[in-house]
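Read from first to last, the chains carry the letters A, B, C, D, E and F; within each, the first residue is number 1.
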Amino acid sequence: CFLSALDEVKPAFGVHEEDLHDCIKGGILKYSPKIDHIMERVRRALEQTQSSEKFNFSSLLLYGPAGSGKTALAAYLGLESKFPFIRIITADEMIGMSESAKVQFIDNTFRDAYKSPLNVLIVDDIEALIDFVPIGPRFSPVILRALMSRLKKSPPDGHRLIVLATSSNYELLKSLDILNCFNDEILINNLTSLQELYGVMELAPFGRDSSERKEIISKLKAAYGSEKINVSIKKVLFNIDTAKFGKNPADEFVQLMVEGHH
Amino acid sequence: CFLSALDEVKPAFGVHEEDLHDCIKGGILKYSPKIDHIMERVRRALEQTQSSEKFNFSSLLLYGPAGSGKTALAAYLGLESKFPFIRIITADEMIGMSESAKVQFIDNTFRDAYKSPLNVLIVDDIEALIDFVPIGPRFSPVILRALMSRLKKSPPDGHRLIVLATSSNYELLKSLDILNCFNDEILINNLTSLQELYGVMELAPFGRDSSERKEIISKLKAAYGSEKINVSIKKVLFNIDTAKFGKNPADEFVQLMVEGHH
Amino acid sequence: CFLSALDEVKPAFGVHEEDLHDCIKGGILKYSPKIDHIMERVRRALEQTQSSEKFNFSSLLLYGPAGSGKTALAAYLGLESKFPFIRIITADEMIGMSESAKVQFIDNTFRDAYKSPLNVLIVDDIEALIDFVPIGPRFSPVILRALMSRLKKSPPDGHRLIVLATSSNYELLKSLDILNCFNDEILINNLTSLQELYGVMELAPFGRDSSERKEIISKLKAAYGSEKINVSIKKVLFNIDTAKFGKNPADEFVQLMVEGHH
Amino acid sequence: CFLSALDEVKPAFGVHEEDLHDCIKGGILKYSPKIDHIMERVRRALEQTQSSEKFNFSSLLLYGPAGSGKTALAAYLGLESKFPFIRIITADEMIGMSESAKVQFIDNTFRDAYKSPLNVLIVDDIEALIDFVPIGPRFSPVILRALMSRLKKSPPDGHRLIVLATSSNYELLKSLDILNCFNDEILINNLTSLQELYGVMELAPFGRDSSERKEIISKLKAAYGSEKINVSIKKVLFNIDTAKFGKNPADEFVQLMVEGHH
Amino acid sequence: CFLSALDEVKPAFGVHEEDLHDCIKGGILKYSPKIDHIMERVRRALEQTQSSEKFNFSSLLLYGPAGSGKTALAAYLGLESKFPFIRIITADEMIGMSESAKVQFIDNTFRDAYKSPLNVLIVDDIEALIDFVPIGPRFSPVILRALMSRLKKSPPDGHRLIVLATSSNYELLKSLDILNCFNDEILINNLTSLQELYGVMELAPFGRDSSERKEIISKLKAAYGSEKINVSIKKVLFNIDTAKFGKNPADEFVQLMVEGHH
Amino acid sequence: CFLSALDEVKPAFGVHEEDLHDCIKGGILKYSPKIDHIMERVRRALEQTQSSEKFNFSSLLLYGPAGSGKTALAAYLGLESKFPFIRIITADEMIGMSESAKVQFIDNTFRDAYKSPLNVLIVDDIEALIDFVPIGPRFSPVILRALMSRLKKSPPDGHRLIVLATSSNYELLKSLDILNCFNDEILINNLTSLQELYGVMELAPFGRDSSERKEIISKLKAAYGSEKINVSIKKVLFNIDTAKFGKNPADEFVQLMVEGHH
């Protein structure tokens, strides 16, 4: 076969644990029941991939705003699956490669993900992988098309694969007509209420005690004029860290949250 | 002759059965008489190709929405023809090739398809083959033009060829002015009514018995507020499979069908 | 001279009869007096090219809708001329070549067409030669300019050349400002009336006898609601062939003509 | 100096008479006093180039519609000058060259045109040289810029050069902001009246005698409904030639002139 | 690992003091309390990078109009930090490199910035680094994406890095969707009042004494008709220098400030 | 250092007198006091560059319509400065180079301009250097960015450099956002009144005596209907030269000035 030479690359079984743990350095805080619902849905797909009689392939899209935890959740659930092959494709591995080398790299990783009986492949940040830039817009149609082909292609018999792809630009994927490459789409949202923020502070933990946390919440409510917020978990965790370097961490935190609020 | 070196590639007779069977893993369920009508029309063209005194070449377009079964039907009818040469050109075989290598690959496959007395060539997913992306839009004019040349060119005397091309973007083909490359155009549509969905459940089969199936249908009718649906056979079969992993498969199926309904 | 190396290619005198006969497999049916008028006009130009004291070069444009018979007529009249050198340039000979190789190929063929005292060169389907695609639009400006240069350039003294170019996009040629490269423009139109269709059936022949043909015509008139039609001779001949595989060819033909009618 | 290697090309003195005579195969018919006016103006520039104490360089633009005689007049007046170096740059010499080879070729020809004490360089059909195509529009900015640099650059001391450039798209040159590269602009127009056409017929000559010519003119006046015409000298001469192959050349000529009239 | 060869470049520890001092040749004049506020904010981030238990990476954006002092402040605070590795990436180091060499160069500098325990990397003038030009607009999507990947990527454990990026086009960064690559955004503004200008004159120093300075200010107030100004510190310092070459430096300065005022 | 190989090019001290004198073949006629004002302003900058304690670098923009004398003035004032290194970068030196070779060439010339203690570098016709063409518009962003980097970069300590850049498209430079690369902008305008034209005639000299010159002026005033004109010094000097070849030079000159007047 034409491309058989490519198959002769050295087998790549195993799990790149380090790469994956890097993605969940901030842990997975269950600051709201929505986190459990997300996990359920991904786990059901993992189970189907493992046991279905009809389908040996499934691809999921995790989408949501920047910093909402898409990559962390994909990595966490991938590791939890205990599948023998778990790998992540990220743009930063491909910096400096030519467009065709990137296509080759992505394609090879997919082919590696056909080698074990049970495989998880995380396709992280589709926009970054296709070199998308909103002005123009510009992106690599060739990488995109290669991804689309792979996202619709089952592995050979005897092999099972689940792809977890992440993206922070749902509208783009729609315009690119690639949503039909996925069997399911799961929204990973930002923190949307002060109650969820309270949950994060409890679990981080941040604030001397629950009364300080409540005070923080009531100050923020006053500042925002509402219970509703829209901040990423990543930003919250960074602000908590910054605040610790202030004289009065609680006040510092409130100030940082208010400054960054648009 | 200028390109004669290309003809010296090793003969490629025979049928790539495996590739073709991969396309019909979900079988061909005759969930509606429309499936038979489609098949009739393709078979007539196969017969004409085989026996016409005037024309040793014919090209058909199978078009319709994503997942409607275009590729599966083309593969099924190709295999059924028992022509000695049956081959499929798909984008995923060409991942990583340069544009000119892709043109070469497509052209060589067409030339291979002139070698046996009776040949079927499936040109699968034209948009993917020309690296089409709707934003821009972008695509390879060179691959497109090569395809167009081949789609209008009869094989040499003593050889007969039918091309079955698939596409999910009819309007695009129109704008690209390539519809006149085809001798016939056949629509492969989605499931359009709950009755057709009932047909699929019976044949899959799904549901303990016909009364459970009827219940499912009536629940969906309530949810949709109509008999009319617009779901691909591919999606239905995947939902049936997912549902089986739920506690109550029938309910799970209803829920999946309702969630995915826009 | 700078490009002299190019002239050393082996002499290419003679007529590529096979290529040219391939273009008129469907014959030239004189289904209407307009066919004679077209032929007259081309023949006058051939005579002028052969005998003019002032001009040893002439270029004609044959334009009209897809399948109207442009290529067939050019090939037929070229062969009929009995000029010692008759050659056709088509896009499918150049599939897989780089843009610059295409320019070279076209240019070399023109140079070959200067070698005999009397030469016919058919430049078939200008849009295909310049890799034109209406979306964008995209095309090769370099190939276009090379063609334009050659379409305005007389052969050296002692040599005479007539170019017969075909195109199905007159408006494009106008926008590209290349119409002034031609000494004459001849429209090759579709069948425009049921009477012309009757002529084709008689000559094909199709229909058991003239009464069956008349019946067909009257059925079509009823279906179309008019005497006027707009179908290509190529499509009509294919439908006639398809119809022969139906149980009742006459009815089958009517149905095919009605279906394909927009 | 950086580019000195380029200067070592073999000297290229002399006049390429053949190339230049090819451009005036149809002669220079003085069918109207305007032809003399044009010639005067070019001759004045030739004289200035030859004798000026201040300027050893001058560049003229000859512009006007397709076929109006720009190239013929430039070639004629160039030859008439008897300057020791007279050369023409045309697009057809550069077919098949890469963009950078074209730049090199043009630049080298200019450098050659610095080698004799008195030089004429005809830069024929600027649009063709820069590969201009109106759709887009597309053209080579690199060739254009190279031309512009050369069109503003005096030869070294002791050398004198006049450039005669032709173009049929004055508005384009304006948009490209290159008109200020020229010291003078001269319009070469089409035939604009039946009287001028009469002049051409007399000089060609065409028509048995002056009474036949007058008859032709009066028929055309009737057909056009006006004395005004707008036809190129090139077209008129071709029609005269074609007409000679008709049974009645005068009538044939009238018909050709009327058909081609928009 | 795929890119491991890149890591074998010679270690690049240390501080490029000279490059950094070049950026602060005009000193850092504290002409307004806003300068201190800016410095505070950058210093807090430096402290967090050095001591945080959770985050070993932080990236700051310094943005503001041309000449406002972004590069100077970044260089000054970088040097002040005494981190063992302090480096600046500027466009002028990369002049003449191909796009891919630029990506490689940037990436290598980031990798170098992972080698010491504490690292400062100044990414100077993002627009220049990505070859941004507002007409089009044009820029290198590939360099941009490489930067974005690096601006979101923590160094390996045991290494800490703070990135100080500068830009004078905040709206562009917003449109490019790269603001979420930064943990904090700090505005470095122009001089906005005559009072700040007075501060600069005192510190430069410029003007014989405070009464001359006051006179200058009052003349400018009269000329501008307002206390508000919008001039860069860079322009002010250059004007002061130019003025010294005039006969009456104070008047010359006023004139220069008024001329350059739009 | 990465680019050190480039520094090893042979030292290039000295003044390219010939190139510079070529630019002022028409002399510098002080036809109006504005010429002195321009010279003053450039001389002040030259002095500052030579003696400033703070700044060892300055860049000036000379802008104005085509032929107004920008290049001539830059060359004249450069030569007058007697700086040991004076060089001009022009587009015609770079004809035939690739884009990257052009960048290299420009960059090397700048580096050469750092080698002497006192350097003048004329960057002539920015539009030509960046291959700007108004249709599109098209230009080389890479050359532009390289220029911008160099136009903002001081030479190493111990070296002083003044850049004199010319452009005839101020609005373009504004749109390209490169005006802030310059420390001063000086308008070099066309002749704007008949009085200035009189000045030129006196200095050229042209006209037998002052009464003939006055007659010319009064004829022109009548023809233009105004004292105001807008002609370049270059055009005026060329017309004077052409007129000398007429029978009555004075009348010929009036006619040429009126013809070229829009």
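Of note:
To be clear about the criterion, a residue touches a chain if its C-beta (ideal position, glycine included) is under 8 Å from a C-beta of that chain, and two chains touch if they have at least 3 such contacts.
Source: prediction; values computed, not measured.
Under the contact definition, chain C and chain F share the contacting chains D.
Counting only chains that touch, the fewest steps needed to get from chain D to chain E is 2. Comparing mean CA positions across the assembly, the chain most remote from chain C is E. Superposing the C-alpha atoms of chain A onto chain B requires a rotation of 60 degrees, rounded to the nearest 5. Residue numbering shows that chain A and chain E use the same positions for less than half of their mutual interface. Once the centre of each chain is set as its mean CA position, chain B and chain E turn out to be 57 Å apart. Centre-to-centre spacing of chain C and chain E amounts to 66 Å, using the average Cα coordinate of each chain.
Rounded to whole angstrom, the centroid-to-centroid distance between chain E and chain F, based on C-alpha atoms, equals 33 Å. Centre-to-centre spacing of chain B and chain F amounts to 66 Å, using the average Cα coordinate of each chain.
For chain D, residues that reach two or more other chains under the stated contact definition are 139.
Chain order round the ring, anchored at chain A and oriented towards chain B, is A, B, C, D, F, E. On chain C, the positions that touch chain D within their shared complex are 2-3, 6, 44-45, 47-48, 51-55, 100, 103-104, 107, 137, 139, 141-142, 144-146, 148-150, 153-154, 175-177, 180, 183.
Those residues of chain B lying in contact with chain A across their complex are 22, 25-26, 66-67, 90-93, 95-96, 98, 105, 128, 131-136, 138-139, 237-238, 241-242, 244-245.
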